[in-house]
Amino acid sequence: MIIIGIHTFFTSLNDLERIIRCPGRFKFEEHNVAAHSWKVSQYAMFFGTLEEMNGAKINWKSLYEKTINHDFAEVFIGDIKTPVKHASPELKEMLAHVEEKMMEKFIREEIPPDYQQIFFERMKEGKDSTIEGRLLEFADKLDQFYEAFAELKRGNTDKEFVYMYQSALAKLIEIPLKNSVQYFRNEILNDAMAEETQIDLTHLTQEILQNK
Amino acid sequence: MIIIGIHTFFTSLNDLERIIRCPGRFKFEEHNVAAHSWKVSQYAMFFGTLEEMNGAKINWKSLYEKTINHDFAEVFIGDIKTPVKHASPELKEMLAHVEEKMMEKFIREEIPPDYQQIFFERMKEGKDSTIEGRLLEFADKLDQFYEAFAELKRGNTDKEFVYMYQSALAKLIEIPLKNSVQYFRNEILNDAMAEETQIDLTHLTQEILQNK
Amino acid sequence: MIIIGIHTFFTSLNDLERIIRCPGRFKFEEHNVAAHSWKVSQYAMFFGTLEEMNGAKINWKSLYEKTINHDFAEVFIGDIKTPVKHASPELKEMLAHVEEKMMEKFIREEIPPDYQQIFFERMKEGKDSTIEGRLLEFADKLDQFYEAFAELKRGNTDKEFVYMYQSALAKLIEIPLKNSVQYFRNEILNDAMAEETQIDLTHLTQEILQNK
Amino acid sequence: MIIIGIHTFFTSLNDLERIIRCPGRFKFEEHNVAAHSWKVSQYAMFFGTLEEMNGAKINWKSLYEKTINHDFAEVFIGDIKTPVKHASPELKEMLAHVEEKMMEKFIREEIPPDYQQIFFERMKEGKDSTIEGRLLEFADKLDQFYEAFAELKRGNTDKEFVYMYQSALAKLIEIPLKNSVQYFRNEILNDAMAEETQIDLTHLTQEILQNK
Amino acid sequence: MIIIGIHTFFTSLNDLERIIRCPGRFKFEEHNVAAHSWKVSQYAMFFGTLEEMNGAKINWKSLYEKTINHDFAEVFIGDIKTPVKHASPELKEMLAHVEEKMMEKFIREEIPPDYQQIFFERMKEGKDSTIEGRLLEFADKLDQFYEAFAELKRGNTDKEFVYMYQSALAKLIEIPLKNSVQYFRNEILNDAMAEETQIDLTHLTQEILQNK
Amino acid sequence: MIIIGIHTFFTSLNDLERIIRCPGRFKFEEHNVAAHSWKVSQYAMFFGTLEEMNGAKINWKSLYEKTINHDFAEVFIGDIKTPVKHASPELKEMLAHVEEKMMEKFIREEIPPDYQQIFFERMKEGKDSTIEGRLLEFADKLDQFYEAFAELKRGNTDKEFVYMYQSALAKLIEIPLKNSVQYFRNEILNDAMAEETQIDLTHLTQEILQNK
C-alpha cells in the first residue's frame, strides 16, 4: 500500500530527531538536526532584529523559512561526515545534485500537487547572497561555534572540535553582516571568553582573530 | 563573576534539548522541547499556507515567532507533568504567573536593554484568538497527536498514550480553523489510519470522531 | 476499565526510575529518583547508627520509612526545576499543597481502604524536627552534595553544580545533628578533599566553611 | 594515596546505579540495582504491614535493613548472569563465599572500626527463615515478576522474560507467607491480568497456577 | 603537531563504534559498525567451514581480513543512508571513488611506509567473485537479515525494516554459494520462522521465496 | 518448543553487543564485547604482519579465530568485575571451569553435530604460548590500554582507570613478542604521549616503564 500525502512529510520530520550531528566523533553531548534547526531559527530571530534596528530591511517570512528548512534534505542523506564534503569539489557538487534530485522526487511523490511549487521554493538551498541568506549562514555557523565551544569547555580533547571551533569562528567574522559580526566580536565573544573552561579557549580564539 | 548578555540566552537554548517531553512515562522514543518546537514550526508552515490559499491573511513573522518561542519558558520550569497542570485552575494560573515572572526577570537580567521590549512581546503566551494563535494551538496539538500515534503504533500499552492520543485528537478537531481541521480529518487521518499499527488506532480514533 | 488496588501503586514505583534529578542541566551522569531514595536510606542508616552510638534514641521504622518515601510525591509532579521552587514563597506553598492533594486523591483511589490511614501517615512530609526528620534532611542534602561533587570532580564547568555543591554544604553543616555534622566535617570532607578532581573543590569548600 | 573511611562506602553506592539487572538481554527498559533495592523496600513496607495487620510481629528495623542492603554485594561482583548462578551447586557456593570474603575485606578496610561489627551484621545474607527474611525473599521475587511483566506487556518476545516471569511467579506463591501470597493471588494478579498486554500473560500465568 | 603512525589508525577504530547502522530510522536496538564487522566475521567462520566441508578450498587469511576490514571506509564517510546509495549509478560510483581516494590518502599519511602496500591490499573492496568475496557478501547480507529480523520480531512497524528484511533475504538466496544458501534455507530459516514474533515473518518470507 | 541449530548461535552473537566492558564503573564512553573483539582482531592483523615481516611464521587462520572468539564465553557469564577475577586463584579456576562447562553444554545442544568438534577447538582458551596465543594476549591488553587511555585523556578521575592503564602497560611490555613490544614502546607510546590529555599520562607511563 502506498501512502501519499502530507502525512508522510510530517512523519519524516521525526526522522531528523534521529540524525545526529557530527557522526562518529566522541562528544559529551549529542545534538540532533531538528533541535539544531530550531536553535538556528532562534539565532536568526536575534540577529535579524539587530540588523533591522540598524536599518536593514528583513523579509521575516523568508528568513524563518530558510532557517527551519535549511537541513531538511539531511532526511535523505544523513549528516555526511565533514571530511567527505571537502574531499573534492566534484563530489560536493555531485552530492548537492543528488540531494536536490531526492528532494524533487520526494516533493513530487509526497506533497499534494497544489503545494508542490511552494515546497520547491522553500526547500531549495537557502544560503544565497540576500540578507536572509547571509543571516542563515551566520546563524548556522554560530551553532557550530556553540557546539564546539560546549565540548571544549567540558574538556573534550578531540582535535576535531578545536578545528570545528576555529573554522566556525573564522567563517563567522567574515560573513558580510557588519553589525552582527561586530556584536558577536564585542559582546558574545567577550562573555564566552569569561567562562571557566577546561580547555584554553581564549588562546584558540586569539589565534583566529589575529589572523584576520 | 556575572555574565550578562545575549550569550546567556543563546546557551540556555541548549538546555531545552535536555528537557524531555512527557517526563516519567515509559516511551520507546524520547522527544526534547527544542526538536518539538521545530516540528511545530513546520506544521504551522504547512497549515498557514493552506489557510492562506483559502483566503486567510497570515502574519508570517508572528506565526513563526509564536511557534519557535512557545515553549521557551520551559527552560525555567521544565515540562511539568500533565496531571499537575490540570490539578486545579488556581494552580494552573499560579504556574502561568510564575512562568511569566521568571521570564520577566530573565529578560531584565540577560537581554540587552535595547532588545528587552521586543523579547517581552515575543515571549508572551502565543495561543491567543488571532489566526496565528489558533495555528500555533493547532500545530502544538498536532505534535502531541503524532507523539502519541508513534508510541501506540509501536505497541506502547501505557494508558497515558491512549489518553494523550484521544485528547489531542478531540482538541484538534474543535480548533476554529475550518480548512485545517477539514484537511486533517480528510487527508491526514486517512493516511494515518492506513498504517499498520500494533494497537488498534482506528477504533480509538472513531471513539472520538463519533462524539463530535 | 478502572484498575484499583495496590498493583497501581507498585507499578507507579517504576515511574520514579524515569524521573531524572536536576532536569535540563548538562551532566556526565544522570540519577533517577528511585536510586536517589535508596542512597538516602543508606546514608540515614549510617548516621542514625552514629547518633545512636552517641546516645540518641532512634525510631528506626520511622527513619527508614521517611527516607524511602520522601520523594514519592514526585511521581505526580516530577522533579520541578530548583529555581521554580524558590521563585516565591506563595508558589512553594501552592505546589506543596497541590502535591498533598494529589497524594490524597491517589491514596483514596488506589490504596485499599484498610491501608489508607497508614499510607497517609507514611507519605506526609517527613522533614520535621524529630531526630528522624533531621536525619532525613541531612541524608537528602548529603546526596545533593555527592551528586554535585561527582560532576565537579569529572570537570563539569556548569555553574549550577558549583551552586548545588556549596548550597548543600552550607545547609549540611547547619543541621542540628552535632555528631553527624562533626563526623561529616572531620572525616568525610577530609577524604573527599583528598581526591584528585578536575575542578578545585578545596577552594569551593573553604569558601563555605569559613563563612560559618 | 589510600582513602579509608565511610566516604569510600558512600561513593560505592553510586556504583550500584551502574550495575544493570539482567545484563546482556534485550530489554525495552533497563533497571539498576540501586533502584531495584528501593522498590524491594517499598514492597516490603506494604507486605510487612499486611502481615502485621494479620497478627505477625515484624522487626521493622531488620526488615528495612535487609531490603536496602540485600544486593550491596553486587558492587563487588556485578549482576552475574542467571544461568551462571544455576550452573552448579559448587559454583553457587563458591561465588557466595567469594562475595562474603570481598565484603569482609571491604568492611575491614573501608569502614571505621567502631562500625565494623554493625556492618558485618547488616551486610550478611538476609534471606533467612525469619518473617523478615521471608518478606525480603517475597519482595525480591515480586520485583522480578514486575520487571518481566513490564517487558512482556510491551511485547518483548525474548524467551528469557517468559522464563523469568513464570519462575518468579512459581516461587512467589510458594513462599511461606500465607497472607501475602493470598493477597498477591487474589488482588495483584487480578489487576495485573486485567491490563492490556502485547503478549498473552493470562495464559502464561495460568500455566503456573494450575501446576500448584 | 602532526601525529603520524599506526596510533592514529588504532584510535580511528574507536570511531567505528560510534557509526550507527541505518542512521535516522527508529529502531529498538542500535548496532555500530565495529560490532557488525565482528558478527560478519563470525558468520563467515561458519559458512567458510561449511563450504570447506563440502569440498571448497578457502583462503582463511583472506576471508577473515575481508570481513574485519569490509566497512573500515565508513570511518571516512559514515553509514550513508541506503536511498542515497541507490539514487543513481553515477553517485554510487562517485562515492566509491571518493571512499577509495580518502582511504588512499589515509594510508599514505598514517600508515608506516613498510606497511602501506599491505594496507592497500587489505582495505580494497572485498566483495569480488572469489569464494572469499562471495562469503563476505553472504555474511554481510546475513547480518542485515538478522538486524531486520530482530526489529520486526519486537514489533517495529517501520516499513523500512520490512524492505530491509525482504531485500536481504532475496539477495542471500541468489548468492552463488550453493551449500551455504541451502543450509540457510533449510536450517536457519526454519528455526527463525519457528520463533514467536510480533510481526508475521512467515508471510514476509514466503513472499520472497515464492518469487525465486 | 526447542530451537536447536546454528540460528541460536547466531542470535547469541547479538547478546555480546549488550555485554558492557568494565561494568559498574563511571566512564565517558562504553564499549561492548562484540566491538572489543573486532578491535582486537584489527590489532592482531597489524602485529601479526609486523612479526611476520621480522621472520616469524604466523598461522593466520588460528590468529584470527583466536581473536574473534576469545570473549565469546562472556555470553554465558557476562564481564565479571575485575576484582572478582583476582579474588582468589581457586575462584578464578572455578570460574574458568564453569565457563568451559557452559560452553561445552552450549556446543552439544546448539551446534549441529558435524560442527561440534570444530567449535570445541575454536572456542577453547586461546592465550597459549604459541605466537598466535601471545599475539592474542598482546592485542587484548592493547585494547585495555586504549580504553583506559581514552578515559584518562578526557579527564575521568576514577582511580580504576589509572590502575587499568598502568596494569595493561606493565603487562604489554612483558609479553614475549620482542618486535611488537619494541614497536609499541618506540612508536605507539611516543605518539600517544604527544596527545593533549586532561590527566598527565606521561607521568603515569614513566612510572611503569622505569620499573621494568
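All chains are identified by letter, namely A, B, C, D, E and F, in their written order; residue positions are counted from 1 within each chain.
By our rule, contacts are C-beta pairs under 8 Å (C-beta built on N, C-alpha and C of every residue); 3 or more make two chains touch, one makes a residue touch a chain.
In this text, all values refer to a predicted model and were calculated from it rather than measured experimentally.
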Q. Chains shared as neighbours by chain A and chain E?
A. B, F
(Q) Going by the touch criterion stated earlier, list every chain that contacts chain E and also contacts chain F. (A) A, D
Q.
Along the graph of touching chains, what's the shortest path length in steps from chain A to chain F?
A. 1
Q. Across the interfaces B-C and D-E, which one involves more C-beta pairs in contact?
A. B-C
Q. Using CA atom averages as chain centres, what separation in Å is found between chain B and chain E?
A. 41
Q. What whole-Å value do you get for the distance between chain C and chain E if each is reduced to the mean of its CA atoms?
A. 49
Q) Can you list the residues of chain E that touch 2 or more other chains? A) 14, 16, 26, 28-29, 150, 155, 195, 198
**Q.** Touch-based graph of the chains, sorted into line, ring, star, complete or other
**A.** other
Q: Would you mind giving me the full set of chain pairs in touch?
A: A-B, A-C, A-E, A-F, B-C, B-D, B-E, C-D, C-F, D-E, D-F, E-F
Q: Can you check the complex and tell me which residues of chain E touch chain F?
A: 1, 3-11, 13-14, 16-17, 29, 31-32, 34-35, 37-39, 41-43, 45-46, 49-50, 53, 60-61, 64-65, 68, 112, 114-115, 118, 122, 142, 146, 150, 187-188, 190-192, 194-195
**Q.** Touching residues on chain B, where the partner in the complex is chain E
**A.** 28-29, 150, 153-155, 195-198
**Q.** Complex contact set, residues of chain E against chain A
**A.** 14-16, 18-20, 23-26, 75-81, 83-84, 87-88, 90-91, 94-95, 98, 101-102
Q: Note which residues of chain B are touching chain D in the complex, please.
A: 26, 28, 155-157, 198
